Amino acid sequence: MSMVDNKGLAGEVVETIAAWMLGLLWMLPLLFAIWTAIHPSAYVAKFDLLAPITAQNFVTAWEAAPFARYFLNTMLLVTGILLAQFVLCTLAAFAFARFEFKGRDTLFMLVLVQLMVAPDVLLLENYITIRQLGLVDTLPAIALPYLASAFGIFLLRQTFKAIPKDFEEAARVEGCSTLGVLWRVYVPLGKPIYLAYGLVLVSFHWNNFLWPLIITNSVTTRPLTVGLAIFASVDQGIDWSIICAATLMTSGPLLIAFLLFQRQFVQSFMQTGIK
Amino acid sequence: MYFPVAVGGPVTKIIDDYAAGFEKENPGIKIKPIYAGDYQQTVAKVLTAIKGGDIPETAILLAADLFLLTDEDAVVPMDDFVKTADDTAWMNTFYPAFMENAKLKGKTYAIPFQRSTPVLYWNKDAFKAAGLNPEKGPATWAEMRDMAKKLTKKDASGATTQWGVQIPSDGNTAWLFTGITTGAGARLTNADGNKVAFDDPKVIESVQSWYNLSKVDGVQPSGLISWGATPRDFLEGKAAMIWHTTGNLTNIKTNAKFGFGVSYLPGIRQNGAPTGGGNFYIFKGVPKVKQEAAFKFIKWMTTPARAAEWSVKTGYVATSAAAYDTPEMKAYTASFPQAIVARDQLKFAVSELTTHENQRVSKVFNDALQAIMTGSRPAEAALKDAQREGERILKDFK
Amino acid sequence: MTGTRNTVHAWLLVLPACVLLAAFTHIPIIGTFIHSFYSSPKPRRPSRFVGFDNYEAMLGDPIFWKSLWNNLLYAGVSVPVSIALALAMALFVNGKLRGQGALRLAYFTPTVLPMIAVANIWLFFYNPQYGLIDQLLKPFGVIGVNWLGSQGTALWCLIVVGIWKEAGFFMIFYLAALQQISTELRECAAIEGASRWTFFWRVSFPLLMPTTLFVMINAVINAFRLVDHIFVMTGGGPDNATSVLLYQIYVVGFKFFDQAYAATLTMVLLLILGVIAIGQFLLADKRVHYQ
């Protein structure tokens, strides 16, 4: 690729430096967290390269709060939401993309309301609803407001719309029912979208805080984010070494998953054709 | 019975052990502690549970939530369960300072369990370096200010490397501030919790003196001082004296690389300190037999021996004089005399700000204090506005 | 596909999603509206109709106005800056820069970390005595600024954290879009002697409009929705300098247990989101170029 570049080599160097500085800046908090977590608390503010390395912070953090249980809660929660959303959003998106029915467009506009008005904004009302259902402090309660996602429906509808009708026709000719067509034609072709969306979803719900905070009360339902917040708000003052260790523990899985899947992640985004 | 407790971390194990111990001695009663988070979340959980019909038998909630709970008609007085002379004696063993915001209209609604009070910590090495006697902390506010002047050190570029004193002002500013106002001889509220005196001249004087520590005397950082970061600031040697909860004693003892002293909060005119922390409550709407079981549990949890053990393990102040007379406590305080300071300070302690609509009233007060401490509003005007707002919130409770 | 069976099938397909959406979005919106005209239920005084009283109280509440202003400032700054940064990041990573992969990782990392966790780290950074920012700025003569404890700087500090968290996420969308701009276009422009900069402004940027719109919607939503760092770093202080609408709704609803006032505040938030939605919709109609 040859391009007339008025800036020349100097410009490229400047750009490289700028990009790298930004990158370093962006990584600073994580690097600090790692530094602080592996050194004793005396070295929180002293960046002495010869400081002793210890795993004690992780041990203390792990024992100080039931993180194992929090992990379990978060994994169950995220998995549940992932599965439910895939099913519900796929069905709805299929209907919006491929069916003609009265009120379809109005209904779709109504669905899109949730794009702007996240369940978090309606904290109080949703809390009252959950309380009336008798579900306060349960894992399903955390998930319920998010099970149907306007974003998911929107994305999948777009994907399905882009799939040529010939594929569907072919499947129908072979005697596929509506759901069969969905399952055999549309879903497989939408794989990259599912992957990209799934990753975004997992990340979002793993890190979600406010709604789980108000809807959970006990160790058996509390996800990692709320557990971490409670854990960190100690009367005795902040112990950064332990908090950083806990932070790394709670965001570790997600970080590692991203490290492993980042190629696929970016690729799938590129294939989604979000324009 | 299930019982929500506002504690977290390793302390939960101690509570679990207590629950198990009680169950062993009292077969037939099951105790299930629930850790809902901090005081805020715990009381929210309790109120939600009550509204949903799932009422706990007992809970450890903020002493300052007294009016919240009685206004919601959620709790029953302990007096209903006092039957024997022993019971009466037991109810009277607790320090009066802790009982102040446990009583309403002659009835006792709460029993102290995990109570705290703030103290002044000082860095003995820093004192020595500044030419001060390392074994004596400041006895009065003026002395603290003067000592702080000697303790504040700057480096070549003019940056302060060590501040003389740090009194945290973020979050629940009113708590430590009550230490200053009580030391000035002011009372912020009344026993019935329906009056406030935010614009009392002594209160204005208190906040002005506090603000002056930064603005005029230059011995305290300006702006809001972080409660959470202050212990670390002390350990790093960035602050030579700090005000903080006695609950920090163990943390500082473990991590300080220097000798440190603990003293009463130095007052403008007299000694004074707020109390803080949580009490046991018994809830309404639960069968009488369960309430009796809860009462039994509360008595069991607050025996002098247990109160002593709890205090040693957690750093909270033991709730009765009898607790300090136990052999365990005597041994502990002999080896660690700093632990006695908080107890001795109790004779000057008053309850923290406890009123109807406590959260709202506290917020109004805290906002005003924070505005003053960040220099964005003058003391008198801000406190007068806070007083007016406080009166407006409380007018329905006269 | 036959007509009625078609319709029935369609409705069955959308039903589950729509029921949930109705239950947790649409009905609560109506509920909020209704509750804002009643008083909060108390044990000795059940909820009763109060007309516009709650709204009057709100309009007279300085904390409301402060929260509103803070929110608008927060959104007004963080949205354009994070979008601009995201675009810059995408351009950096899309080019032939050295260490692309690592850079992409660096930019995206904040997105996968929970805000509630990183807020504690930022708390350290902003510590006025030995925090990282203080240590970095000392040689420049900026000493001992109480970043989070001063009314003038606290909100800006939170804005920085917000931008840091979000920019990397938006970068991915831009990256995907950039890669779709056909290389032929680029080569044509090169042949015609257009500089990279001209190419960017005249070709890439307009083609990126749909992405920009999409990203902007997300950015705005998050600017009003993400309050986790306020919990950890400032608690809304000093003196409400960092209080925003959703945080205030939490405080009023779950600390004061004042249902009516929380509903009233929520109505304002909903109104703002609604206006922005309509605004973006109209903008979309006018400015978007589709390839």
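Order of writing sets the labels: A, B and C. Residues in every chain begin at 1.
Simple rule for what comes next: contacts are C-beta pairs under 8 Å (C-beta built on N, C-alpha and C of every residue); 3 or more make two chains touch, one makes a residue touch a chain.
What you are looking at is a predicted structure, and each value in this text was computed from that prediction instead of being measured.
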item: Common touching chains of chain B and chain A; value: C
item: Higher-contact pair (C-beta pairs counted), A-C versus B-C; value: A-C
item: Separation of mean Cα positions, chain B and chain A [Å, integer]; value: 39
item: Between chain C and chain A, distance of the C-alpha-averaged centres to the nearest whole Å; value: 15
item: Averaged-CA centre spacing for the pair chain C and chain B, given as whole angstrom; value: 37
item: For chain C, residues that touch 2 or more chains besides their own; value: 123, 130, 254
item: Multi-partner residues of chain B (at least 2 other chains); value: 44, 228-229, 236
item: Multi-partner residues of chain A (each touching 2 or more other chains); value: 44-45, 214, 238, 240
item: Contact footprint of chain C on chain A as seen in their complex; value: 1-7, 15-16, 18-20, 22-24, 26-30, 32-33, 36, 44-45, 87-89, 91-92, 94-96, 99-102, 104, 107, 110-111, 113-129, 144-145, 147-148, 150, 153, 178, 203, 206-207, 209-210, 214, 224-225, 228-229, 232, 238, 240, 243-244, 246-247, 250-251, 254-255, 257-259, 262, 265-266, 269-270, 272-275
item: Complex contacts: residues of chain C adjacent to chain A; value: 1, 6-7, 9-11, 13-14, 16-21, 23-29, 31-32, 35, 85, 88-89, 92-93, 95, 97-99, 101-118, 120-125, 130, 132, 164, 168, 172-173, 175-177, 179-180, 183, 186-187, 190, 193-197, 199, 210-211, 214, 217, 221, 224-225, 227-228, 231-232, 246, 249-250, 253-254, 259, 262-263, 266, 269-270, 273-274, 276-277, 290-291
item: Partner chain B, residues of chain A touching it in the complex; value: 41-42, 44-45, 63-65, 131, 134, 136-137, 213-214, 217-219, 226, 230-231, 233-240
item: In the complex with chain C, residue positions of chain B that touch it; value: 40, 44, 47, 71-73, 157-160, 163, 169-171, 221-226, 228-229, 233, 236, 238, 357, 359-360, 363, 366-368, 370-371, 373-374, 376-377
item: For the chain C and chain B complex, residues of the former touching the latter; value: 42-44, 63, 123, 127-130, 138, 141, 143-144, 146, 148-151, 234-235, 237-240, 251, 254-258
